[in-house]
Amino acid sequence: MTRVFRIFGVILAILLAWQTLIWLAQMPRFILPGPVAVISTLWTSRLLIAQNALVTATEVGIGLVLGAAAGFASALLLVASPLARSVLRPMLVFSQAVPVFALAPILTLWFGYGIWSKVAMALLIIYFPVTSAFFDALMRTPRGWLELARVMGAAPGRVLWRIRVPAAMPGFASGLRLAAVYAPIGAIIGEWVGASRGLGYLMLLANGRAKTDLMFASLLVLVALTFVLHAAVDAVCRRVWEG
Amino acid sequence: MTRVFRIFGVILAILLAWQTLIWLAQMPRFILPGPVAVISTLWTSRLLIAQNALVTATEVGIGLVLGAAAGFASALLLVASPLARSVLRPMLVFSQAVPVFALAPILTLWFGYGIWSKVAMALLIIYFPVTSAFFDALMRTPRGWLELARVMGAAPGRVLWRIRVPAAMPGFASGLRLAAVYAPIGAIIGEWVGASRGLGYLMLLANGRAKTDLMFASLLVLVALTFVLHAAVDAVCRRVWEG
Amino acid sequence: MTQAPALRLAGEARIGGATVFGPVTLDAPGGCWTCLLGPSGVGKSTILRLLAGLGDEVAFAGDVTADDGLPLGGRVALMAQSDLLMPWLDALDNVLLGARLRGTTPERERAMTMLQRVGLAGHARKRPRALSGGQRQRVALARTLMEDRPVVLLDEPFSALDARSRAAMQDLAADLLRGCTILHVTHDTAEAARLGDRILLMTEAGIASIAPPATPAPRIHDAPETLASQGHLLRLLMAAR
Amino acid sequence: MTQAPALRLAGEARIGGATVFGPVTLDAPGGCWTCLLGPSGVGKSTILRLLAGLGDEVAFAGDVTADDGLPLGGRVALMAQSDLLMPWLDALDNVLLGARLRGTTPERERAMTMLQRVGLAGHARKRPRALSGGQRQRVALARTLMEDRPVVLLDEPFSALDARSRAAMQDLAADLLRGCTILHVTHDTAEAARLGDRILLMTEAGIASIAPPATPAPRIHDAPETLASQGHLLRLLMAAR
Amino acid sequence: QEKMTLVLDWFVNPDHGPIIVAQEQGYFADEGLEVEVIAPADPADPPKMVAAGRADLAVSYQPQLHLQIAEGMPLVRVGTLVATPLNCLLVLQDGPVKSIADLAGRKVGFSVAGMEEALLSAMLQANGLSLKDVELVGVNWSLSPALMSGQVDATIGAFRNFELNQMQIEGIDGRCFYPEEEGVPAYDELIYIANPETMEAQDIRRFLAATERATQFIVNHPQESWDIFAGTASELRDELNRKAWADTIPRFALRPAALDAGRYARFESFLNEAGLIEGTRAVSDLAVELGAQ
C-alpha cells in the first residue's frame, strides 16, 4: 500500500513540477502543453492511443527478449574466445557508434515496414548495454574461483557456466535494467523510420502537425510503459538474484 | 605494436565485411555505398568533414565530462538519501523514457541552436547509463565493509566516499564505457534537432541530397570518433582502477 | 581513555526462525581480558556482532548492556573473523581507515609504528592481495589496535599466524589493550590459557565460566599452570557439544 | 586411484622483482602425509599454488616434478587458505562443484554423507553467508575430500575449527586420504606432530626436515611422543625467522 | 488482381487525398489493382525503397528527384499528385521580417534537407541578398514550433496548405513568400516516381487512371470526399486536416499522367545554375509520360 501511495505521490509531484514549469518558464502551448490539456486528450483519444500502445508494447516485448538473449550470448562468446574478443568487441562498439537512423534504410530494406524492422531496432539498442555490462562483469570474476576451477580440471565451457556466469549475474541484471529503459525508445525510433502504427508513429504524426496535446499524451503512455517494464525487470532481477 | 596491427586488422576486416555485404546482398549504392567510394569521398571532402567533426567532438567532449560528473553525483545522492531515492529514481527512468526528440524543442528553446543544446542532449543520454551502473554498484557494497565502518563510528558521508565509492569504481567504469559510446549519438541527435554545423548536420544534409557517399563518409568519421573515445575511456578506467 | 565498562549480554538469538543460541548470559568484566571458547557454529561470532551493534539480521531477544549504563555505540572496536581489508588501499592506508572514516587526522607515524610492531614494516605499501593470509590478518589486527576504544572484540584474531608471530601478537595486544575490556573468541586453548583473565566456554547448553590459571595474564606459554589450564580446557572442549 | 606420486619442488620464486623465497628444495614422499610449517609470509601458500599449477603471477625459476615423470595437472586437489565457496550455491552444491565443473554425474549421496561427516548434515541447504567461519571451512574441506585426487594440497585447512571438530576433521582427512600424497600447510604444531609422516620447516634459509614421532600417523593427540614432538616443533618455530 | 506497393512521402495527410479516396472508393480494385500503401517517417526513404526495388511506386518531390537522378539513382517521374509548389518561405505576420530583404543576418530553419539552399538562394538573390547573409539551421522535427517560438525568423520547407493553417489554429498568424513568385521556376511539389528499369508501365497507367478518377470525385464532392478521407483513421479527423483538405483540393493534379516537359527542363537548368547538380539531363531521363496504351 505505501508503495502505491508513494508512486501516486511521485506522479503527482511530476504533474505539479510540469505545471509549475509551464507557469514559470512561460512555455508556449505548442512546445509543452499543460498536464490538464494532455490528460484530457489522453481521455478523448484513449482508443487511438491504446491501439497504438499495444503495437509498441509488442515490439518492445519481443525486442527485449531477443536483445537480452543476444546480449547474453555475445558476452559469453566474448569471454570464451579471445579471437571473438578481438573481432567482435570492435563490432560491438561499431554497432552502437552507427546511429540507427543511418541503418534504418538498410533495416527496412531487409525487414520491410512490418513489426520486424522495429523489433530489430529495439534489439540493436538493447543489445549493447546488456552485452557491455554483462561482459564487464564476466571479466571481473574473482581470480580465486577461477583458479579453484582450474585445479579441479574444469572444462573452459563449464567454468563459464558454473562460475563466471553466476558470479556475473548482478552485472547482467544491471544491463537488463538499462535495457528495459532503452527498449521502448528503440521501438519508437524503429517506428519513426517507417510505420503506420505504434506510439512512435502517433507521436511523430502529432508532432508534425503540431498536435502537441496528442503527442504528449502518447508520450505519457510511453513513459508509463517504460516505468512498468523497468519495475518488472527490476523485480525479476531481484527475485532471481536474491531468491 | 601488435595492438596497432590488430586494430588495422580489425579495420581491414570491417571494410572487407562491408564490401562482401554489398556483393552478396546486392546492396544498391544509394542505400549502402562501397568502401572505396566512401573513402574517396572522405578524402575529397576532408576539409568539410574535419570542420564539422571538430564541432561534434567538442560537443561530445563537454557532454561526456558533464554527463559523467552528473551521473556520478546523482548516483551518490541516490545512495546517500532514501528520500532522494524515492523521488529521483523515477525521475531518472523518466529522463530516459522520454525520447529526446520530444524534449528537443524544449531544449532548443532554452539553449538555442548553439553548442549547448547538443551538449545537453549528449549529457542527457550519457547521464542514465552512468548513474544506473554506478548506483547498482554502490548498492552492492559487501556488507562486511559497511559493518566495519559502522563499528568504527564513520559518518555516513565518509562511508560513501571511503568505502562505497572505491568499491563501486568498476561499476562506474562500466557505465563510463557505455557512456563513451552513447555520447556521440547524443550529440548527433542534438544536431538533427537543430544545428547549422556538426557531423549530424552534415549527415542529414547529405541524406537529403541523396549524397550517400558523403553521408557514409561522415558516418565513418563519427564511428572513428566513437572508437577513439571508447578506447580512451577504457584505458583511463583500466589505469585508474588497476594502477 | 575512559574507564572500560563491563559487558553483559543476556538473551537468545534467532535468524530467520532458526535458533542460533538459546538463552545465555555472558559477562565480561571491565578492564579484563575475557576469552570465549566453544564449538564451531555455536554462536560466538554472533555474540560479538551483537555486542558491536551489528547483526541486523539477527532477532535477538534480550539485552546488551555496559555496567556504566551508557550505550556501547562508539566505544567498541571489532576485529571480525574475516580480515575485511579494502583491496584498493595498501596496508598502511588500511590501518589508517578508522581515522579516515571518522574524519580525524590520520596518525601516519603511529600507523607505521603499528605496522612495524606487527612485523610488516616492509609491506606497508602492498595491497591486500599481495599479502599472505597471516600478513593480512596482522594488518587487520594493526587496524583494530589503532582504534583506541575501551571495548575491544576480537574474533579469532591470531588464527592464521605461526607460533612465533602468534605469541608476539598476543604480547602486543596484551600490552596495547591493557585496561580495556576485551572479549576474545579463540579456538586455541593455549592462547586462552595464556591471555584470559577470565575464560568462558560456550556450548549449546549455555556459557560456563572456567577458572583461569592463578598467575596474572599474559602468562608464559610453557609455564606449568598455563599448560595445565590448556590441557583442562582442551579436555572440556573435546567433550563439548 | 593410481599410485600417488612423490612431489619435488626445487627453485626460487619472485613476484614483480621481489623475492618470495630463495632457492629451496621441497620433497613430499608418495603416499605420505607431509606437514609444512613456517613463519607467516615465508612462502608456504606460494609453494602450494605452484604445485597446483597456479601462480601465473609468480616468476618461478626451477622445477616442479612428480617422481613418476608424468605432469601433475589433473592429479591435484587444492584446499586454499580462503574457503572460496560460491555464494550462490548452498553447502551441498558447493561440495558438488568439482563434479559439476568436470561434467561428471554429481554424487549427491556421497556429498550428503561427506557433509554429514564434517558435521554439517543440518546445514546442507544453507548458503555460505549463512554459515559460521568454521562451518564454511568444513564445507571447503568436504569439497576437497570429494575430489578423489592422488595429490592433495591443504593450506591451513583446520585453522578456524575448535579443538573437537579439528580433531574429528583430522581423523576424517587422514582416513579418507590414506594412500594419497598430502602436503599440509599448518601453523598448529600439535596438528603437525599428530598427522605428519614427514614434517618440514620452511624458513628464509630454506626447508629443513624434522623427524616426526616414531609412531605411525595419525597419532593420539596427548600421547607422550606427540606432545614431545609438538614441544620440539614449537621451540623450533619460536626460533625461526 | 495485380499487387502493387506504394510508399508515401510521409504519414498520411490530405496531400494524399486522391490515393486514399481511390483506395476507399474501390477505384484501384476496379482497375484490377491491389495497392498496399506504406507511410514512412523519413521523406528521404521512399526514393531509396523504389530504387532498390522494394516498392513499385513512391510519392516524392520534384526538386529532390533532380538531385537523386543526378546522383545516379534509377528513378523517373511517372505521374503527378500535386502540380504546384506547396513549399513556402514562412515568417510571422507580426514578426520583424516584412520582406525577404529583411532576412539579412537572420536565422532560417529548414526541415527536409535538399532544396533549402537552392530555393532560398534564388529567393534571396531576387531580393538583393545572398545565402551568406543568413544562417541556415536544420530543425528536422519542429519546423513551425521553431518559428512560432521565435527561435528562427523564417522557415523554408513549410507547406502553405498546412503550416499556415496550423499557425492560425495556434493563434499566431503566418505569412508566406511563394518561391514561384520570387525567382524560382514553378514545379510539381508531389510526384509519383518509379524505377525505370523494373517498372510495370501498364500497372502504373491503371494506377494513375484510378487516382485521376478519385481527384475528379474530390473536386466534385469536396464534403463527401472529406468524410471518406477522415473516415479512414481517427487521427486524421481534426480541424487542421479539415482546413488543409479544403486548401489542398485546388492543388491536386487533375491530369496525373500528363507531363509538362518544360517544367522539368527549366528546373533542371535552374538547379545546375545554383550549383546543386552538375550539368543537365534530358527531360526523358527525368520524367516520362506513360500516355494511353
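Things to note:
A, B, C, D and E are the chain letters, set down in written order, and residue numbers restart from 1 in every chain.
The working rule: a contact is a pair of C-beta atoms (placed from the backbone, for glycine too) under 8 Å apart; a residue touches a chain by one contact, two chains touch by 3 or more.
A quick map from chain label to UniProt name: A, B = ABC transporter permease; C, D = ABC transporter ATP-binding protein.
Quick caveat, the model's predicted, so the values are computed rather than measured.
Shared contacts of chain B (ABC transporter permease) and chain D, meaning chains that touch the two of them, come down to A, C.
By C-beta contact pairs, the most connected chain pair is A-B.
Bringing chain C onto chain D by least-squares fit of CA atoms involves turning it by 180°, to the nearest 5. Look at where the CA atoms of chain C average out and do the same for chain E: the two points lie 84 Å apart.
Spacing of chain C relative to chain D, judged by their CA centroids, is 27 angstrom.
Between the Cα centres of chain A (ABC transporter permease) and chain E there is a gap of 36 Å. Between the CA-based centres of chain A (ABC transporter permease) and chain C the separation comes to 50 Å, rounded to the whole angstrom. Touching two or more other chains at once are residues 31, 101, 105, 109, 192, 207 of chain A (ABC transporter permease). Contacts with at least two other chains are made by residues 82 of chain D.
Residue positions of chain E with contacts to 2 or more other chains are 48, 52, 141-142, 145, 149. Under the touch rule stated earlier, the contacting chain pairs are A-B, A-D, A-E, B-C, B-E, C-D. Looking at the complex, you find that chain D touches chain C at residues 15, 37-41, 45, 81-82, 123, 130-135, 138, 155-156, 159-167, 187, 189, 222, 231, 234, 237-240.
Taken together, the chain D residues at the contact with chain A (ABC transporter permease) in this complex read 49, 52-54, 73-74, 76-78, 80, 82, 84, 86, 88-89, 97-98, 100-103, 147. Interface of chain B (ABC transporter permease) with chain E (complex): residues 28-31, 101, 104-105, 108-109, 112-113, 191-196, 201, 204-212.
Chain E makes touch with chain A (ABC transporter permease) in their complex at residues 10-13, 38-42, 45, 48-49, 52, 54, 141-142, 144-145, 148-149, 162, 166, 169-170, 234-235, 238, 240-241. Considering their complex, residues 44, 47-48, 51-52, 64, 67-68, 71-73, 107, 109, 112-114, 135-142, 145-146, 149, 151, 276 of chain E touch chain B (ABC transporter permease).
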